[in-house]
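Each structure below is given as structure tokens.
You will see chain A twice below: alongside chain B first, and alongside chain C after that.
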Partner chain A sequence: MKKLFFFCLALLMGSLSAQAAEIKIGLMAPLTGAYASEGEDMRRVVEFMAEELNKAGGINGAQIRLVIQDDGSDARTAALAAQRLVTDGVAAVIGTYGSAVTEASQNIYNRNGILQVATGSTAIRLSEKSFKLFFRTCPRDDEQGLVAVNTLLRMGYKDVAILHDNTAYAVGLAEETRDGLLKDGKTNLVFYDALQPNERDYNAILTRLRGTNPEVIFYTGYYPEAGMLLRQMREMGWQIPMLGGDAQNNTDLVKIAGVEAASGFYFVSPPMPDDLDSQSAKNFMKAYQAKYNATPRSIWSVIAGDAFSVIVEALRVTGADAQKMGAYLRDNLKDFDGLTGKISFNAKGDRVGDLYRLYRVDDKGNFVLQPK
Partner chain B sequence: MLELIQQLTNGLAVGGIYALIALGYTMVYGVLKLINFAHGELFTLGSYLGMSLLVSFALAGRLSPPLAVLVIIVLIIGLSALSGFLLERVAYRPLRQSNRLAAVVSALGASIFLQNAIMLIYGPNYQVYPSQIRLTIAVSLWGLNIPMMRILLFAASVMLMIALYLFINKTKTGTSIRAVATDQGAAKLMGIDVNRVISLVFMIGPGLGGAAGMLLGLYYGQIRYDMGTLYGLKAFTAAIIGGIGNIPGAMLGGILLGVAEAIGAAYISPAWKDAFAFLVLIIILIFRPTGLLGERAADKI
Partner chain C sequence: MIPPRLPKSALRAAMVMAGAGMLALPHLLGPYWTNLLNDMGIYAILGLSLNIILGHCGLFHMGHAAFYAVGAYTAAILSTRFSVPILWSMPLSGCLAGLFALAVARPIIHLRGDYLLVVTIGIVEIVRIALVNNIFGLTGGSNGLLITEPISIFGYEIFRPAHFYYLIWSMAALTILLFYMLQNSRFGRALNYIKQDDLAAEGSGINTAHYKLAAFVLGAVWAGLIGAVFAAKIETVSPQSFSFSESVLYFAIVILGGAGSIPGVLLGAFLITGLPEIFREWQHYRLFLFGAAMVIMMIFRPQGLIPPGRRHYNVWPYLGSFPRGVASRNREPR
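After this line comes the complex of A and B, so read on.
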């Protein structure tokens, strides 16, 4: 009986909102917690784009209303946030950042038939569950491995050392890269092992690494350890190039390593907001800068903006039916012009196309985008 | 062979840091039979205060860098001693007569309080020592490549340990500390002011710990609010290896632990470094339950 009552209420509210010609889109982002700065930027970017869209007349005459929920970078908070968005009757949800956090909300949206477009969750398993309504505008971890392999091959190194830190993310990237390199057959893997993260002393492992005579080190972990590795390599008087993954795209790396030791360090990462080269992205950055007097601090919030754009596009073409929206995104949306480049989705809902770029640290400690 | 010696120098440098921190645990245990769980946080505090002072004084260019570092280390020893003194007054002295568990809980509370206070003041991110201060040159000897900072770090920790050893064994105050450690009641009857001695121990231990924090910051350049937990745990292990309550034991235990870790990381697997450190502890406790130089069993915490 109670269920029936709520069902009627939901229907009533649904019809009410339809009368007001308003479409609700949910945004789930880490507004508090460890990644609060990412969440804050996501909120700003999506709010800004929604405002612009409403000024331009909305979707087929209907205005957009954002419903924002904080996931706190925490799985339990995210599950609650997802429940609230579902109750609120959103047409689709943007979010969220952390993979484990997104995972906690996936089932809830799937069960309730709500389209979800994740923004920063790169873990492979998220799109291996055959949820028909799950998409992401961010790349997947295995794509990064592929780019790392190509970069190493292009640089022409024969003896490669791979080092990870035993976290799920870093092991995944290390394995992808190792398998890719070995498949090629021209590369020797002289070293493959883990270090202990959150330590300060990597002299022992560096001394051992040095004994294997690699031409290049690929470290797949996070920036604090990468910074220490670079610094201690320099103090040992050992100079070989080092390559890192996107978890090292943080300017604190240069502070930790020191400019001297960091210069010449390479890492693969999605481009930074300032390096986006399409005209639409440049215009967006200019307008965003004018409104907030700052640029987004990382690429992930711009990717959240792209999630908003594809949802709006789907709503425009198919109306607010989640199944139709999903089918449209998967089968019909090709090379959609997003801020971070062309967007298409494959059958799993993952973004197609290479977003990753190669960066190099220059003599002054700046991250410089390398030509493709 | 060269690689082995290289790894040994790594281990000695880290071992020196462990030994300096371990001294704080072992001295407090010696006189009070109490494990000062907040000691690791005092080490972190020394490291952060050192960074603040370096940034505000040394970089202002009033003193030349080597002199500034020396002055600041002395200042840090003083400030850490002061915080140790205050800690004892606030967290331990009021509980001196109550049962031992109350003091242990109070120590854990002080540790959580200090760690969070440091995080709230300096933020949860990694902090970096100014790189202008740090020497990046390395010394080449017989094919070995040893960073100058490593030599200085080891020399500084050995000097501090020698100073402590002489103080404890050759001065009257040192004798009174040893007397209190042996038998508090008898020491009191001999006219020794036990409260004063305990305060003094709570100043010397954190003073050395704070100095270790600053040395660590100078050596690695990167510090974080929660590093006291791991270094505290390792140093505590070192103190037990050497025999808790025994001052030369803490020095020996620290150096041994540092070397064991470095060798384990080099020849077994770097990911097993911590496991190796605790394996050494277990093996030593199986064969010598009182630690290498300990006379009596650590019967209570």
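After this line comes the complex of A and C, so read on.
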């Protein structure tokens, strides 16, 4: 009995002393469900960076411990995961990917005074709630609209057709772009309508489009439809350039369209992990490649790595007080050197700075980053 | 075989203690476990509402998330557009879900078994896609709707998991009571008759189409009511919460627990929501473990964990007075 008592005491002491030199950071990621591949990459990237940091001595001598919870790509599971992380006493939370999923967790973190840095949630309204402890290292949906407008203007086309697919994201991007183009006044919007996603035959809408004689088509939906459009445009022998949004940044687009039809297609998107140009990003990608023998499949997991970096930076400067960390990130963190470029936050907690790049599909079907 | 009866006083004391334990639970557990209990309560009520359709009436209905979605979105739209306090819109949520069920179930109610199943899967997918496509500009597309109005009952604001615990479980208690009464009513017996043999039921003068439709509407109304509570609790409704796989979960709750049995469905709800959380530490293996547990249970107990007991009716007292006594009682179940 006595032995047991001392054993328990020793365990207690052990856990207490471990707590003193350890800071917990939560990662909420979709490890299961529809976005599981994104979640797996997020976990790998953040775990890798935490290991590196701990090897290098941690934050002011304290080691980082990651607490990873699965949000199941679903609002209900995310609320449970958030509640769990709050109970676990994390200093800050990274995540998560889907906007609606993040939203279900936002209130829980806000009420419990925990700093949250979202990584793939681009919906505008997330940062319009004046939550003092909410940040994101990904761009916002309306930023992409601005980039699309600038790209179209720079390309110098006069007659533009905009096509969307009625999903909230695509409509948002289409509206932002339309308003931007109309405000500029130099271009004519000859066509603005939606197609029905998940179909096989888009000849009807393409024929209608062709009747309006546009010089360029901007399609704001997802890659499967973009691939079908490109393929059927080629089949009907109609050759005009087409531009897409970041939901078309997927190599399956080339498979669907065929290499010949896809070549010459443009899209705006945050850079692919392989195209990150800063030295720190190149070193990171090399070390990551050596460890996992693969590169992250999309940019969003690298953005989760950036969320980890800014949290660590805030912890280093202010300690584990969430209010102070939030104030520091909002007011004092300027041009922090992240993997995806310079990071600063505005008053709403959104990332400032241009992350979007223009890509072109070359005649071998590769996505090639265009110079700025 | 009738199990030995406990003395009534002991039973009552046990129930009082269980009740007190339920009341104290959120104070003993942290917010995380309370939240999990809330989810269990919601799933239990959903399971019970599906149990009317699937368990009692034997209709293979795999689209229950559609009715749940109608309820949740009704409450959310009323709250965001018209600032109706979200819990006040509960009756309307239930009614709209019921009306929706009436409209979609009326043409398909004669379908049998698997055919009905396929159509109900279609319904849940149509509803989900309609929500994603921002139908009538009301549903907010794939990002869904955000509820910003504070939620209160009689001026008492509820936002903590413990508050929802009392709300959800008192609703669950009411549901259990009502559905228990329903199960033993003429309506409940008619549903059971249809489940066992709908041709014989029809032959005995039961209007099977009417009862099937009534079961559908009743189940949908209840799913709609709890949909409004779900919207209030999660504060954001989005189409992902009402996917086909959710419907499959409700189906699994009823089948796993024991179709037609209230304690079975409650146990099913506890396991289906509880197991993935208990396996949380294994992260991405947790759904695998969950699936394996379900397969094992179905191999060893295909009738469900707590199948409904056979109904016993004591006919001895009537034997002497046949046919007069039987005839007068017989009129009741039609």
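FYI, the second predicted complex is superposed on the first by the 353 of 372 C-alpha atoms of A that agree within 3 Å, B and C clash if a C-alpha of one lies under 4 Å from a C-alpha of the other, contacts with A are read in each partner's own complex, and residues count from 1 in each chain.
Basically, a residue touches a chain if its C-beta (ideal position, glycine included) is under 8 Å from a C-beta of that chain, and two chains touch if they have at least 3 such contacts.
Keep in mind it's a predicted model, so treat the numbers as computed, not measured.
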(request) Have a look at where A:Asn166 lands relative to chain B and chain C in the superposition and call it first, second, both or neither. (result) both
(request) State whether A:Ala36 touches chain B only (first), chain C only (second), both chains, or neither. (result) second
(message) So in the superposed three-chain picture, is A:Asn332 touching just chain B, just chain C, both, or none of them (first/second/both/neither)?
(response) neither
(message) Touch test for A:Gln83: chain B only (first), chain C only (second), both, or neither?
(response) second
(request) Using the touch definition from the top, say if A:Met236 reaches chain B (first), chain C (second), both or neither. (result) first
(message) Quick check on the superposed pair: does A:Ser130 touch chain B, chain C, both, or neither? Answer first, second, both or neither.
(response) neither
(message) Shared contact residues on chain A, chain B side and chain C side combined as an intersection?
(response) 34, 166
(message) Under the definition above, what is the set of chain B residues touching chain A in their complex?
(response) 3, 6-7, 10-11, 14, 124-126, 128, 131, 134, 136, 138, 140, 145, 147, 149, 216, 220-222, 227, 230, 261-262, 265-266, 269-271, 273-274
(request) Name, in rising order, each residue of chain A that touches chain C in their complex. (result) 31-32, 34, 36, 40, 68-70, 73-77, 79-80, 83-84, 86-87, 98-101, 103-104, 107, 111, 123, 125, 129, 166-169, 171
(message) Considering only the defined contacts, which chain A positions touch chain B in the complex?
(response) 34, 166, 193-196, 198-205, 207-208, 211, 224, 227-228, 231, 234-237, 252, 255-256, 258-260
(request) Under the touch definition given earlier, write down the residues of chain C that touch chain A in their complex. (result) 30-32, 35-36, 39, 132-134, 140-144, 146, 148, 159, 161, 234-238, 240-241, 276-277, 280, 283-284, 286-287
